[in-house]
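Shared between the two complexes below is subunit A, which pairs with subunit B and subunit C, respectively.
Moving on to the complex of A and B:
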């Protein structure tokens, strides 16, 4: 308790609070700009942490980390361009809500869900971190492989009306994920001798291409002033506020999304986008009106948004308790901690307990600041969609181009983004859903790598993975997920 | 020539899948199974897509090409993006960007000259401020590289 209070004292100094504030503003900006990830944001801030007190430095990074994940949802909701991979699932209902004239409600849902998800994830980190870290240690390649198989069942959910086209879109995403070095033989598959393709297709390049280019081209082709978007946003309309009743109605969604996000966060190497799609899928399965998902409903925004911010807390569990960074963001965090002379691991809570608690409390305060900045910003953010198409289209294209370029400072990536965008546009014209492609692109490398490692571990006897309890549970969950998704779809039809 | 839309799609997907199957024979065995499996599934799925293609959803290739060519703004935007990407290294993004933004705005019917100029230059300045000044991204400078 004493260490906790000391941690609280360290986090509530003026420099620490100011650092969290600055980090949060920067995070919203970085997250909203396509191509700039939360990892990049945290990495950019590391040099600024030199010479700062550990609690101040960690506060700066916490502000950036929390807010950048939320920031990605702003452009996802308003212009169908997810700023980060974490917002890929938010697009599915967030943008349709904007098209229905409910941009304000979608943004309020996103910020409140992000806040609640972030808080639940951090509570889990504070109270049950040692217990959760044991789960992380039990997750080997076979479990990760089964998890990715389970994740792929989401394709059935996000395939809208045509399951065949949805599965084909998913297979296309899996095929795209094979581009680049094979993890076992290091053979560059489908690189066609182009060194730019050796490392594979960057997720953000694909996200920007698949979502924003088709959107811009659709806007160009449309003769309307605004494609399907109700620009008559009425400040006083219930459509643009999130009522207390709706927040109460969303509580189970927040909890489900946050639990999924926290659990996925503690598993090293799985990543935030997977958590978001899983949360979206589970929400759809739990829903009494699954057919409305994809048409613009608040549950479709709340589930992925609470999950992606809950991942933060979860991903800190293996970092702080075991010293294992489970994601690229926490890997950068680990670097910053080591620079500051903090050695995460089993002994952190005994040797440097006040610092450990100050890191966790920094995440709490960062989430609170993100909430206020997000709530205050909604009325400014929604103005974006009031832009005429003639201005909106070049703005979308400019940030798509510069965002794709900024990832690797590569003009090739810009060309690739545009090429994928044209494919995405063709898919849209043929009523092929894009979400399964993006989902498979995210899960493909995780699943394939885990499978290759599993084959190696089991000496080719892959069925032996079913002697592992977590694998059996995941197999049962996968089978049930497919069964109930298909059954529910049939009932709706 | 008129086709059922999904039949044309399934033929295109099958043809591309077969084309992508051929290079897998040059992959090491363990690296080839996964893409081969995906491609076989894709080819197999083309069968139900072909069989269940709806009669009422047809497409005429001539009409589709004509419609694309007559949607001039779409063509202009696509061509200008290709030009922007092709000459980014040579001319430089900060020279190309205001021209690109201004051209697209003009083509899409924005005819007020001063606001057009302000938006095109303002957006370029914003990109410069965010990416070059704050984030230190190495933007291609082209002709401005001196």
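Moving on to the complex of A and C:
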């Protein structure tokens, strides 16, 4: 308790709070801009932490981490372009809401969901971290493989109405995910001799390629001066806010999404994009009106947004208790922690307890800061839609190019982004959904690596994994998921 | 007469113009006159990057010109190696290479550079490979592991940080020398392999000193054996394979290098500078604080090390029939 209070003292100093504020503003900006990922944002701030007090440094990074995951939803909702991988599922219902004139409502849903998700994830970190880290360790390669298989069945629910096209898109994504070094033989697959493809297609490049470029091209093709959406700027209209009744109605959604996010967060190597799709899928499954998903309903925004912020808190569990990062952002965090002389691991809470608590408290405060900035910003963000296309298109393209380049300091990636963009545009013109491709591109490497490790661990007798309880559960869930979505599609179609 | 005057003026001009040629005796090294770039083949925050960013400011102080670290990740380091090898050999582009990684890339596939494309300035980091288990493991000593593995070939799973990465190669060399057979399980980096180890999904992990120093201190892991030439001061109770009679020495070298054709005087200056930096107390203190396993070897020593490594890896490749694409 004493350590907790000391941690509180460390975090509530003016420099620390100011750092959280700066980090949060930067976070929303970087999160919103397509091409700039939250991992990049955290990495960019690390040099600024040199020479800062640990609590201040951690506050800066926490502000960036929390707010950038939320920030991605802004552009996902308003211009159909997720600012970060975490918002990839938010476009599914977020953009339709904007088209229905409910941009304000969507944005409010996003910020409130992000806040609640972040708080629940951080509470889990604070109170049950040791328990969660034991769960995390139980997730070996076989479990990760089964989780990826289950994740791929989500393709069905994000394929909007055409399951066949969705499966095509998903298989295409899986094909793309095989580009690069094979995990067992190190053979560079599908690289065509180009060393820039040896490590595969970076997610950021794929995201901007498949979302931003087609969006920009669509805007160009529309020849319109501004996006043809009716924005009701009346503050009191229901389209522009989230009523108390709706918030109460969303509570089960928040809880489901946050739990999923926290659990995915504790498993190292899985990450926010998977969590948000998983939460979207589960929301649809438990919903009384699953056919409305994709038309623009608040549950479709609330689920992924609460999940992706809950991943934050979850991802700190393996970082702080085992010294092993649970997400790409926390991997950068680890570097910063080591430079600051903070040694994460089982002894963190006994030898450096005040610092450990100050990290967690920093996350709490960052979430609150994000809430205020987000709520205050909605009225301002909504006006982005009114931006003339002549400004919007170059802005999208510029930041996409910067983001694609920044990942590997590689011009090749920029070219690759445009190439994928043309493919994405062609898909859009043919009503082939993009989300399954992105989902498969993310899950492919995770699942394949896990499968190779499973083959190695079971010495070729892969069926042995079904003596493991978590694998059995995941198998059952997967089979049921496939069964029900086939059934539903027969009924709806 | 006119021709005579013209002839005289031409001769005078030629004589005057020839004077600078006579001044060649003085060899003043005009280097560095601008900033130097050092290429690192991995992303910011990784082990090589941290080492590079530790060395750079110290070199800057000695050379009195900016020394900038540039990250050029991709193709497992090949992109940066290639860029370094093909850079203009004027001493303004340097890069970090590694043993065994830089060498194994050339053996594993058709690489866009060769080891001869580099001239070595000096070694910065060295840490040996070692085998770790959780304290709850049924194996308390490496002899237990060897005994079990002899009875059960191919049953023990040993994690590594990637196919043909330094720890995978260390595992292969270990198996080759001791005659036991493990099942090598590939992970993307050491961190996931340690998670799998701690969760009980694999039996052993081969990794490097820096990966697990803190974890051993916090009693999360135990080092069963190291593959160094002598016991590591950080793990006084962990034997080397060498002292147990198995001459397998594997470790990770991070070395500063330049394009091979860089002029000798410039290389000499850089080598001397690095030697000075490595000897400075401030540098050593800072590195120890950060837990960085620095180990300076001179250019001659390092070049010899790389030659030996290349030889040994070539032999390993042939003995084990490893893929060459």
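Structural remarks
In the analysis below, the second predicted complex is superposed on the first by the 473 of 493 C-alpha atoms of A that agree within 3 Å, B and C clash if a C-alpha of one lies under 4 Å from a C-alpha of the other, contacts with A are read in each partner's own complex, and residues count from 1 in each chain.
Note that a contact is a pair of C-beta atoms (placed from the backbone, for glycine too) under 8 Å apart; a residue touches a chain by one contact, two chains touch by 3 or more.
Fair warning: this is a prediction, and the values are worked out from it, not measured in the lab.
Annotation: superposed three-chain arrangement on subunit A; subunit B versus subunit C shows no clash, the two fitting side by side.
By the touch criterion defined above, A:456 reaches subunit C but does not reach subunit B.
Residue contacts after overlaying the shared chain place A:33 against subunit B, while subunit C stays out of touching range. After overlaying the two complexes on the shared chain, residue contacts for A:415 are found with subunit B alone; subunit C is out of touch. Residue contacts after overlaying the shared chain place A:346 against subunit C, while subunit B stays out of touching range. Once chain A of one complex is fitted onto chain A of the other, the partner contacts of A:220 are limited to subunit B, with no touch recorded for subunit C. Once the two complexes are laid on top of each other via chain A, the angle at subunit A between subunit B and subunit C, using C-alpha centres, comes to 80°, given in steps of 10.
Legend: residue contacts after superposition of the two complexes on their common chain; A:376 is shown touching neither subunit B nor subunit C. In the superposed model, A:402 lies in contact with subunit B only, and not with subunit C. Judged by the touch definition given at the top, the superposed model places A:187 against both subunit B and subunit C.
With chain A used as the common frame, subunit B approaches subunit C to a shortest CA-CA distance of 9 Å.
Within subunit A, the residues touched by subunit B in the first complex and by subunit C in the second are 182, 184-185, 187, 409, 452.
Of all residues in subunit A, those touching subunit C in their complex are 43, 46, 136-142, 181-188, 195-196, 198-199, 268-269, 318, 322-325, 331-332, 334-335, 338-339, 341, 343, 345-347, 408-410, 449, 452-453, 456-457, 459.
Only residues 5, 9, 13, 20, 23-24, 27-28, 30-31, 34-35, 38-39, 41-42, 45, 48-49, 52, 71, 73-74, 77-78, 81-82, 84-85, 88-89, 93, 97, 100-101, 104-105, 108-110, 119-120, 123, 127, 130-131, 135, 137-140 of subunit B touch subunit A when the two sit together in their complex. Note for the complex: subunit A touches subunit B at residues 29, 33, 36, 44, 164-165, 167-168, 171-172, 174-175, 178, 182, 184-185, 187, 189-190, 216-217, 220-221, 388-391, 393-395, 397-398, 401-402, 405-406, 409, 411, 414-415, 418, 422, 430, 432, 448, 451-452.
Those residues of subunit C that touch subunit A in the shared complex are 44-45, 50, 70-76, 78-79, 82, 108-109, 112, 154-155, 157, 162-164, 183-188, 191-192, 194-196, 198-202, 214-215, 218-220, 289-291, 323, 325.
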